[in-house]
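Following this line, the structures themselves.
Each of the two complexes below includes subunit A, the first together with subunit B, the second together with subunit C.
Then we have the complex of A and B:
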């Protein structure tokens, strides 16, 4: 179907407005990160800093171990994403292909479990990790993130598995492929976009997580970025805005980079099954 | 989900097989969780820890950076898990649950006489729960008026001093005189209206919470309690001398308008001066004025910052010695200057650095003797009363949606129902 020029212009305008709306917080953060304190207190703030400075970045790095924190966050988020996907993928396959009551119950429970507030879980979890001597350790945090990400990862991946026509697997079986060969050579490639999207979800969830990291990690060299960012905030919400914006801007970059790298795969994943062949 | 369940079961099984570890390897190590966050404050804390470690090789202190955000939940989890820091920085209004829960050590017999006598009794009251003392109050801040000095001087109004402050009625007249043409005499940042209202109401003789002979607390919204709310309400709704837009804002949100000359005064905590020094435009002249006084004089309520020792700390004596070191008068001054706050210690308060006129230190220091425990300090059920009853009622009153009678009815009737549940 052809779209008329005015309609197309309208679409692009709407899209542009939406992009501006989405980008506003990030661009404002970027602008704030480069503003000197006196511009931060201005009643008429400008988009582009009048007297741009790197002092906020310097102060942020001087005051807090940002690089170490970023490394810890990256390690925890990557490990959580990889492990969650490795565990969730075969589980999702079983849940999606075996349409039993148990599979339905599991799916239902997965949805319900997402409603549990953190504070209900944190004390028992803390005690368990303490006895395992995993308090104040990134592996301990990874374990929590994996357990936390698994239900949703399972639910998400099960949807992708259902989008892969079983006839393809049956055809592979007819051609003589065994179960494992079918899974590896036929199903897995088709699931790739879903796996990437799920991993991204697990990564971003872990990257942004604050409360578990706050409670489980004690020493500065182990803390993650969201925890370190709160060190720029004082009692009653008073904030050291410049360094906070600078550090928060840096904290958003890895997510953006990861997203930019794999967005094409995600798009592919979203479209999987959209068209009936 | 199954994986999640299996993982948890596995963890529980393993948890049952392992045992807790010890932290010490011959010498004593104490973990000190500080909530210092401003650059100078963190620096001062770290320096003091280094100085202690340099002179006490047998008792090493580890500085751990804490965070004001979620500190209550974080500490509660650590206490429950037996992993709390040995020395804990917090605010006195957060201590009641921990003290009554048995998580904090009673410091009564641990602290040296010097420290006990150096801090006034009224400050100790903020950390006394039942028969025990569960924290050392060491920093506090009064609420003051930060004023546009040029505007005040040219307007010809009388400039108040701690010796001769404005009354609440005079304050109202002054703000009315300073207002007009889109400008306001005052900008009240009342996003969190309860503590500001309650603490300032002490100056007008307000008390709000009354403890009966049976030890139970009830709310009574008396004449003294009404002075501050009535003044703010009149400024915002009758005189139009208080900016209506800042009533829902936090303290920092009012600063751009203050710097732009839109408001003559902003009531803020004493430590906000640091932000003003950083952010004020070049040439902007500002000064610190005492909050208005009433029947109770310059009295106002505060919840000091505190240092406590965990009940689980195996080396309480050494931890108390570290507290004694950290809170020696010269060190308390360093901490106070770093946080732009006032020390509670009487010796520290004498330090010349805290009596400079520059940045309003002298005005704040003159108020120190008038600071009392916040009215709600030890009232059980206060957080729920604050969130469910007082905050919405005061917000509606200040915005003009309800009158003083309805405000009083809600604070008393609805409030007492809440408090009664905690005092059965």
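Then we have the complex of A and C:
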């Protein structure tokens, strides 16, 4: 509109400062990942590697079972996302469409579950899973991730359901479609993008999760990527910086890609859930 | 209504539909549907009850026992003994205090920075897309990676922070994460960085819900930027701002992974958040009962804080 030139200059300066603040740690991670040991040991570190190398990546794979860890992460996150969304979608539908006591209870539980310190949940879960012999197993972790993903999955999905006008379903009913038919041929197609976005979000949160995985998975061949990454940091906090950076960078790539795709839908879904509850 | 006709292609749109949609809400063919509702709810309800509500109650019970890992003697009911011990556990209360400092120390600057960025991104600026793209990075990164990345930044010898400080003449390097005085501020900075995008996006969405005409009307009336912010922007933003701040405080108070990777609670417990303390108690020393009691205290405090906050918010809502 009518913003003055000095004000504009101020805005751009501020924006630039934000950009630097957001970007510099990530750029440093990249820079470190591609530096040969000689440059990492230098007393005057530089931004651009003089002699970029992929050796850190190879060494990272040699030192820790990264491939196995990535596979474990992928399995756990995929299973958790699919199961969580499959069981959350019908419930979200009921919660969004009806003002029953159940719907209120579920909404209350979603809010409360956000306030939870997970120690209080993980100790009993640990004991239960131990009795079921599901400690140190990816299926055990999936169980925990499903329940952990349910609150926000319900929240997002209920928001998407509310965005589908009930008139559509009623129209289908008037046209003689049965309830199930209405759900399958009218509601489900309209919900599909929201369901996919929710599943991807559940996938990323599980892919990134650390606490439950740290507690439940004991042996390196069962552990997920975030837990294995911490093994690069030695007991005394001394780390082999290059491989550490390389592995950390690789672990982020899938999340970054998926997140870039769904970012808009997530915020949309969460906010419709939040505003209309 | 155009979307309505597009979405149900098999039958052509006809006027009766619209009437059916509006007026006859009570007449829907849903007598039997209430059984259907249970059928739809059960697949999620059972895991919630079995794996969330159940363990929760079990966890509260455990707080009143002497449960330990790897012990052969049976677990005994010991009443409130854990809580009495906890009351005198100065280390726990110290971690509680650190948790509060951390939660407020992260949430407040993060909110202010995010508000600034959201306001900027709501303007017609050229590098907006870049800021949005970059804001994804901290959000999408695993917390463990964020921790690792900042360890690289803070590294006393090979890190960029000390090198930059040397370059601009601010003296020699420091080991930020292991200095008694610097460790907590150093991890707080990482917390601010890591959570800023979410807060920014939430606030930005709030800003975009504010009607533009209001701004223009205020501008025509001669209101300056600050006045426009106070009278138009802030009132519209307030509900989202309060909600996100409450959530951030709680999430931060309960956080674990970031600080676990950065300092493991060190040096000398200076960054030992309550969750780290409870984790060590439970899974390093095997004191399940005692750690569960800590969890109970944390829940109680959070619940009270949340109740007070919500009460205040409702009151504020009446005024508005």
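To be clear about the criterion, the second predicted complex is superposed on the first by the 212 of 277 C-alpha atoms of A that agree within 3 Å, B and C clash if a C-alpha of one lies under 4 Å from a C-alpha of the other, contacts with A are read in each partner's own complex, and residues count from 1 in each chain.
Keep in mind that, in the parts below, a residue touches a chain if its C-beta (ideal position, glycine included) is under 8 Å from a C-beta of that chain, and two chains touch if they have at least 3 such contacts.
Remember, predicted model here, so these are calculated numbers, not experimental data.
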item	value
Which of subunit B and subunit C A:147 touches, first, second, both or neither	both
Subunit B versus subunit C as contact partner of A:207, first or second or both or neither	second
Touching partner for A:14 - first (subunit B), second (subunit C), both, neither	second
Which superposed partner A:192 touches (first subunit B, second subunit C, both, neither)	neither
First, second, both or neither for A:256, with subunit B first and subunit C second	second
Subunit B or subunit C, by number of subunit A residues touched	C
Partner chain(s) touched by A:215 [first = subunit B, second = subunit C, both, neither]	both
Contacts of A:26 with subunit B and subunit C, given as first, second, both or neither	second
Partner chain in contact with A:109 - subunit B first, subunit C second, else both or neither	both
Touching partner for A:74 - first (subunit B), second (subunit C), both, neither	neither
Those residues of subunit A which subunit B touches in one complex and subunit C touches in the other	40-45, 87-88, 91, 109, 113, 119, 122-123, 127-128, 143, 146-147, 150, 154, 210-211, 214-215, 227, 230, 232-233, 237, 239, 241
Interfacial residue positions of subunit C with respect to subunit A in the complex	3-4, 7-8, 11, 16-18, 20-22, 28-30, 33, 36-37, 39-41, 43-45, 47-48, 51-56, 58-60, 62, 67, 113, 116-117, 120, 123, 125-128, 130-131, 133-146, 148-153, 155, 157-160, 163, 178, 193, 196-197, 201-202, 205, 216, 219, 225, 240, 243, 247, 250-251, 253-254, 256-257, 260-261, 264, 274-275, 278-279, 282-283, 288, 291-292, 294-296, 298-299, 302-303, 306
Parts of subunit B lying in touch with subunit A, wherever the complex brings them together	1-4, 7-8, 11-12, 14-16, 18-21, 31, 35, 37-39, 42, 62, 64-65, 67-70, 73-74, 76-78, 80-83, 85, 91, 192, 250-252, 255-257, 259-260, 262, 269, 271-272, 275, 278-282, 305
Parts of subunit A lying in touch with subunit B, wherever the complex brings them together	37-38, 40-45, 59, 63-64, 87-88, 91, 106, 109-110, 113, 119, 122-123, 126-133, 135, 143, 146-147, 150-151, 154, 210-211, 214-215, 218-220, 223, 227, 230-241
Partner subunit C, residues of subunit A touching it in the complex	1-3, 7, 11-12, 14-16, 18-19, 21-26, 28-29, 31-32, 40-45, 47, 86-88, 90-91, 93-94, 98, 100, 102, 109, 113-125, 127-128, 143-144, 146-147, 150, 154, 165-168, 170-175, 179, 186, 189-190, 204, 207-211, 214-215, 225-227, 229-230, 232-233, 237, 239, 241, 244-245, 248-249, 251-252, 255-256, 258-260, 263, 267, 271, 274
